[in-house]
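Scrolling down, you'll hit the structures one after another.
The same chain A turns up in both complexes below, where it pairs with chain B and then with chain C.
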Partner chain A sequence: MIEILMILLCAGILISGILAVRLESMVGAVVSAGLASLFAAVTYVILAAPDVAMTEASIGSGLSTVIFLYAIRKTRGED
Partner chain B sequence: MAETALTCAYVLIFFSIVFGILRLILGSRTVDRVIAIDLMTVVSIALIALYADHAGRFIYLDVALVYGLLSFLGVLAVARYLEDGL
Partner chain C sequence: MPRSGREPVCASARRYARPQRRATVFDARTGNVNPMLKRLFIFFTLILVAAIFSDVALNYSEHTELSRLAQHYASKGPEELGAANLVTSVVVTYRGLDTLGEVTVLFISAAGVGLMLRRRKHPDTVVPARKPASELVETAARLLMPMVFVFGVYVFANGHLTPGGGFQGGAIIASGVLLLLLAMPQAQLSHRLIGFTESLSGFSYVVVGVLGIVLAGGFLDNRILPLGSFGSLFSAGAIPIIYVFVGLKVGSELSAVVDRFRSDESKPEL
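What follows is the complex of A and B.
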């Protein structure tokens, strides 16, 4: 059961990476990149590395999304 | 009984992730994608908690706790951005 979910999570990382490159909307791309980090964190937990998963969840998915949005707001001011 | 409930939880989490990814791909507006990602955040927290029980290592619940706090912050930041805040 967990193997099927693992395959689904890895497919989700691939799909969200492709979407982060191909989406027109800036916010959609940033949020898709955050989703790739989220699924990577869950994958790390399943691979028995909870400390790596905690770092990935806090920095990769939490902090970088906020910093990207802040940078887009500061530089362009439009969507 | 408990095994049946846990298997049902795995199946429900599987279909939640599948439909969340479908909404993420098909979603025409930005708000649809943000809501889909918020859904998958909650489902991922549930998956981590379920796997902590499956593996019998309850240190994994700390990851779910940290992620639950930080995902709220991320969705809040996106919402403030869409409302011309931040």
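What follows is the complex of A and C.
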């Protein structure tokens, strides 16, 4: 059971990472990068590292996503 | 679409200049690297990386016991430092210098953001009127914000007992500030308060570390205070104090970064 969950989560990390690189829309890419962090955070919880998971969830998928979004808005029109 | 070297770019006038340009490895004018060379470089890098990681993957065996250092931390850590969360005693005490370095890195990056995205000098430039947040966001923020802040303080004050600590608590507080800024677009953060909190907590962190040299075994030794009873809130010596400072420092730095990225829609002045 836990193995299946882990495989799904790792597939989620991979897919959202690939999407973050390949997506045309900047906002979509940023959101899927945040999604990759979120999946990673769940894997850390399963691997018994809640301290790392908290950091990953709050900084990786929370603050850095928002900072990227602000940066996109600041530089809109220039790629 | 990446342009291969073969196809003519556009005008016939350029065609005479092309042959010598194609032979160069690096074109300083356009900044293009020869595509063939680039591909070769990527190929060899991939082979190198594969060689390194194949060794790791082929000789992988699961560790059945801890290394000697980890064994020492796991068996002696709780009685030496009195922290129920072993991760914290490693992060704050055994590897306390690393944490100080991390906090410094964060400080430098926050200072860099502050420098690059500084506001205009003139105080009379109007802050552009922002669209007010929707009622949903505002109401939810009003309900959630106190909880987020209290949870952040809880996470760093209980860093020696439960998972979490200064960094995590600080990040949670910063996300509370972010929620505040999203819900009330007209709100202005007091940069004086943030700067004061940041520098005071950074200074106190180092002072606590130096006190460790004077009163206990070394820099950032937590035994300058009594260890207390194992597992209670006031235990583990100076670890809770250090974590409160780290939490305040990280929280104020990340809030300042978020605020700088948000502040006025205009592009950064260069």
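Please note the rule applied: the second predicted complex is superposed on the first by the 76 of 79 C-alpha atoms of A that agree within 3 Å, B and C clash if a C-alpha of one lies under 4 Å from a C-alpha of the other, contacts with A are read in each partner's own complex, and residues count from 1 in each chain.
Note that in this section a contact is a pair of C-beta atoms (placed from the backbone, for glycine too) under 8 Å apart; a residue touches a chain by one contact, two chains touch by 3 or more.
Predicted, not measured: the structure shown is a model, and the values here were computed from it.
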| item | value |
| --- | --- |
| Which superposed partner A:Ser58 touches (first chain B, second chain C, both, neither) | both |
| Partner chain in contact with A:Phe39 - chain B first, chain C second, else both or neither | first |
| Chain A: partner with more touched residues, chain B or chain C | B |
| First (chain B), second (chain C), both or neither touched by A:Cys10 | neither |
| First (chain B), second (chain C), both or neither touched by A:Leu47 | neither |
| Touched partner set for A:Val27, first chain B, second chain C, both or neither | first |
| Partner chain in contact with A:Arg73 - chain B first, chain C second, else both or neither | both |
| Footprint overlap on chain A, comparing chain B with chain C | 50, 54, 58, 62, 66, 70, 73 |
| Chain C-touching residues of chain A, taken from the complex the two chains share | 50-51, 54-55, 58-59, 62-63, 66-67, 70-71, 73-75 |
| Residue numbers on chain A that touch chain B, as the complex places them | 1-2, 4-5, 8-9, 11-12, 15-16, 19, 25, 27-28, 30-32, 34-35, 38-39, 41-42, 45-46, 48, 50, 53-54, 57-58, 61-62, 65-66, 69-70, 72-73, 79 |
| Residues of chain C that touch chain A when the two form their complex | 85, 87-88, 155, 163-165, 167-168, 171-172, 174-175, 178, 254, 257-258, 261-262, 265, 267-268 |
| Residue numbers on chain B that touch chain A, as the complex places them | 7, 10, 13-14, 17-18, 21, 24-25, 30, 33-34, 37, 40-41, 44, 47-48, 51, 54-55, 57, 59-60, 62-63, 66-67, 70-71, 73-74, 77-78, 81-82, 86 |
